[in-house]
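Each in structure tokens, the structures are laid out below.
Each of the two complexes below includes chain A, the first together with chain B, the second together with chain C.
Now for the complex of A and B:
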């Protein structure tokens, strides 16, 4: 009997949702329509483009070529390199951003003289135009113009030609990324820390836990969920360093700092092979979603629950 | 126990000051560069003390292309914020009053769309704009900026809206006010702080945006970030002009950013497509 009445209750709930929502749907529909037109349509168009030979350089008519772009993609050494370089530039700065961000959050959490000012300074990079971030670090790493190598020489280190050698060019971009996005991680952690129950710390202190034990057994477990959110966002947005690569190295030297989305830019807007560029960016997007799939689902459930409140 | 915690505090303090230095030093360096003569700029050892000159600033503000870029950036940022608000405010209001899976799924879809890298949208928009003659127009760029600003504003306003008491709008509903009347007369005045904050953040995102502006503009509607890059490419790398122009683009973003820093998290965690 109880089992039979369950679906009825659900139907009633759904009906009540429908009734209470009906007056408000028309406020949401315009936004949904705009978003759909501006995003879903272009994404479908990219899928369609990726199966054509569209190129603004050749004069041959554009033809439907099915999966040919994708087949060529996996024979294209430049694309395979760009995937590897994307991985380096996504996952290289991440541990440093997490580590520094964590300690920065702990610092922000302390009540110390001048902390208000320090917090303001910490978040400067969050509003910084990425293009200026790139220019600034290009200046810093340019011989003579930026002081880095001079000050390194004062402590006896012969600085490399930062932007001129593949390995150091990657390091330079990683440094810019750590500078630029550690504050985001710190602020996320800091905000989470402020919601932690104070009595947990109180209790563990009475039990004689040291600072490092509190960190290990109270703070870190409580931060796990936030850390997941931060990692997913950092991975999804890591390639927002496009403007930084654009001004610091333009993907060079010898293509060594070219990420997948940078290669899509080069293929699409310099070689003007729009069809091929579409297949590059879609393949990369698919890989990103496969890697992030499980974590993203978890995150979306959490964020969705927040939106529900 | 006591001494240990003092040691920890000191350690964190030191780390914070060192990191503060790491943040400020390159910005300071860029600011100094904007005040140097080309000769001082390349001096070895680097000059921390020198006779400052405003030449670079005069050069930048005497450049009609740069002045046009300021106007373009301003028109596009303001235009996109206003249009985004018109679309996003009713949506945030509707979503706040809706219940059940429809609301949940809508919020989710909006977030998911923001997480897609900008390059995915850029290729079809380029093809489409070329066909529709919208390349290098203000309205073209304003429309594209809606992709990140509409979700940003909805996601920022939703929690702010949820935090205001529902009693007033409930009471007006019982008195027979329509949802539209409640939005305009009751709810809007209550969330105006949140609307201001989300507008400012959306403005900063538009103001800083580079990728779309690079591809979808040519000569007439060049925005500030692209104009700075053009100093790099065409004019034999004039570092004075580049750094002076950079200072000009940073300052508004900084000032506005500090004003709305409390609302940052909602805005940032809703994701940003910048590349």
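Now for the complex of A and C:
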């Protein structure tokens, strides 16, 4: 009975879908509404705010000041520094995450004894909330608490003041970011590798390809699209490095690890210069769009083309 | 709405008890009200929480106190106040932050409630009992906005046996003596001194650095509040920063630029430094018998000074009523009770709380018995009181943009400390930037 009714139901669904070809709109509306309320409206409000002088530091009435905040931004050395520091913290860890993630994925993809457990261990950092991750690395990098400098001293290296000097503070945050997000890259690569057609490997083996040749001529080309997705995701997500900075350095010492979004947070929530903070974050977003736009468009076009096929 | 609920309450009381009637001076006339309060988890608050059932039994008012880390609490309160959510009836506020609240009209001043016989009891309030500077810190332009519960200042803590071993007779009184003592007591395994280096704000290095700045005769503005021209690169200020940098670079633990107050407390408590300049209210934690390794070995002194004498840090923290509170009268009743002599004495006994702004508590027998530490290097409470007397009540210039100015200054102090810039260069740049900030805020032409 149940088995017999199944095709009937499917036929009905198909029929109703054909009858109201525009019926899907009804299902799209709630999602559009949510996106509008949670994303588009706030962005428009931020755009509006960024053109005002809204600040709780003075009693002057809030006025519409056009692009004045934006002009001021490019005279603000702190903002320019923060852009540079954002670039380092977004793009610095990326090659390492890709490289290490790739090798982790290769290892996970091998059928070795105990690999089930190893896979689990590899992705453990993904379970750490960024705040906890930051705290953990702060402890590791603090001289009084031992950690990294202790192990360095065992091999005769005197470790630097990791969080106490601008250059090393940036490196420290990069290391934490590499540790924290390499597993994500590995999992993405690993799942992609799982879908690779086996016959390609078999064919290449018959042609006499070695393991390293397979890697170079089969695996890597197949991974290219995944790599693009991973890069776009990592850059977008690198904004989430905020909690690590907050915990590890609070943007210091002397502002040397302050990223643009951290500066926006300071300007908005500590200084209460709401208009100015809005202009900081929008400028930063615009820059990210310019960088990410082409990559995302290429990706969407690819996905669209595959859908047609 | 308020009158309606009052009416309903009265009706309810009348109908259930028959004879009961909520008279205007009835302590229970706000029974059933719930108040929400937000502040940092600083001493006094945990002890106060323990006493809340007492207040509820007395008035029928239920109070929820939400606490978080200081910086987070300050920010959350600011955002709540600015957006007028009304989620909290009461905020804790530090004196340096009051101008922001007062100027934006985010508070209902307590002066509006003081003297209202139906909710205020002069015997409980005893307003003249507050240390004047703490009361002043909770006022803005002659209006009393809040009542203080916490009087913070800094003192010098030092390990007496380390001083003795280094041949130092008494606690350093000047910056030169401080540097001298530090050089004598400093060893590779025992750095001489720990002071806060982070964050670059009033909650961090500025809390300490201003002692050096003012003590050396420097200041932020030419003549606050009449002439707001920044003068943070004056010769006095540069000398102050040089002293500070020398002290931190040569005699502080590695990476001390990142030390928050927590790190300083731990270092002093564990005896891994010979000296610390830190908040006097933190003595409770530094000397906590369960954790302290230096409890019987600590001496206490007023912080050293320079040409202008000692200038210990000063901040008062108070309880304030939000302008968006639905129950300001009930909130005032709570506030007056919480800052009363009785409550403070009880909190000092049920928890580690000694930063009281009430003179009468300082002389209270139980209070002195618990906190008058003296391990042979002088009385702690005396050092504390002497510091409060020396501490300038305008330790932080009272104007809202101070948070931006102090942050900029904090960055300069850090930059000099890590050797990114010389003290002179760091302060020249800071002075230019602060001038710009003041212009943007319309405070300077």
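Definition applied: the second predicted complex is superposed on the first by the 270 of 309 C-alpha atoms of A that agree within 3 Å, B and C clash if a C-alpha of one lies under 4 Å from a C-alpha of the other, contacts with A are read in each partner's own complex, and residues count from 1 in each chain.
The working rule: a residue touches a chain if its C-beta (ideal position, glycine included) is under 8 Å from a C-beta of that chain, and two chains touch if they have at least 3 such contacts.
Since we're looking at a predicted model, the values are computed, not measured.
Student: Examine A:254 and indicate which partner it touches, taking first as chain B and second as chain C; both and neither are also allowed.
Tutor: second
Student: With both structures placed on chain A, which of the two partners, chain B or chain C, ends up touching more residues of chain A?
Tutor: Here the partner covering more residues of chain A is B.
Student: Classify the contacts of A:89 with the two partner chains as first (chain B alone), second (chain C alone), both, or neither.
Tutor: A:89 sits against neither chain B nor chain C.
Student: Does chain B (first) or chain C (second) touch A:144, or do both, or does neither?
Tutor: After superposing on A, A:144 lies in contact with both chain B and chain C.
Student: Once the shared chain is lined up, is A:166 touching chain B (first), chain C (second), both, or neither of them?
Tutor: second
Student: Once chain A of both complexes is superposed, is A:177 in touch with chain B (first), chain C (second), both, or neither?
Tutor: In the superposition, A:177 touches no partner, neither chain B nor chain C.
Student: Report for A:51: first if it touches chain B alone, second if chain C alone, otherwise both or neither.
Tutor: A:51 contacts neither chain B nor chain C.
Student: In the overlaid three-chain picture, which partner chain does A:269 touch, first (chain B) or second (chain C), both, or neither?
Tutor: Both partners, chain B and chain C.
Student: What is the shared patch of chain A, the residues that chain B and chain C both contact?
Tutor: Chain A residues touching both partners: 144, 269.
Student: Residues of chain C touching chain A in their complex?
Tutor: 75, 78-79, 82, 100, 103-104, 197-201, 253-258, 263, 267, 272, 400-401, 403-404, 407, 411-412, 414-415, 417-418, 420, 440-443
Student: Write out the stretch or stretches of chain A touching chain B in their complex.
Tutor: 13-14, 17, 20-21, 23-28, 30-32, 34-35, 38-43, 45-46, 49, 54, 100, 103-104, 106-108, 110, 112, 115, 118, 120-132, 135-137, 139-140, 144-147, 150, 179, 183-184, 187-188, 191, 210-211, 229, 233, 236-237, 239-243, 246-247, 261, 264-265, 268-269, 274, 277-278, 281-282, 284-285, 288, 296, 300, 303-304, 306-309
Student: Give the list of chain B residues in touch with chain A in this complex.
Tutor: Contact set of chain B toward chain A: 1, 4-5, 8-9, 12-13, 15-17, 19-20, 22-24, 26-27, 29-30, 33, 41-46, 87-88, 90-91, 93-95, 97-104, 106-113, 115-128, 143-144, 146-147, 150-151, 154-155, 158-159, 162, 179, 183, 204, 207-208, 210-211, 214-215, 225, 228-229, 232, 239, 242-243, 246, 249-250, 253-254, 256-258, 261, 264-265, 268-269, 271-275.
Student: Taking the touch rule as given, give the residues of chain A at its contact with chain C in the complex, in rising order.
Tutor: Going through chain A, the ones touching chain C are 55-60, 72, 142-144, 161-166, 249-250, 252-256, 266, 269-273.
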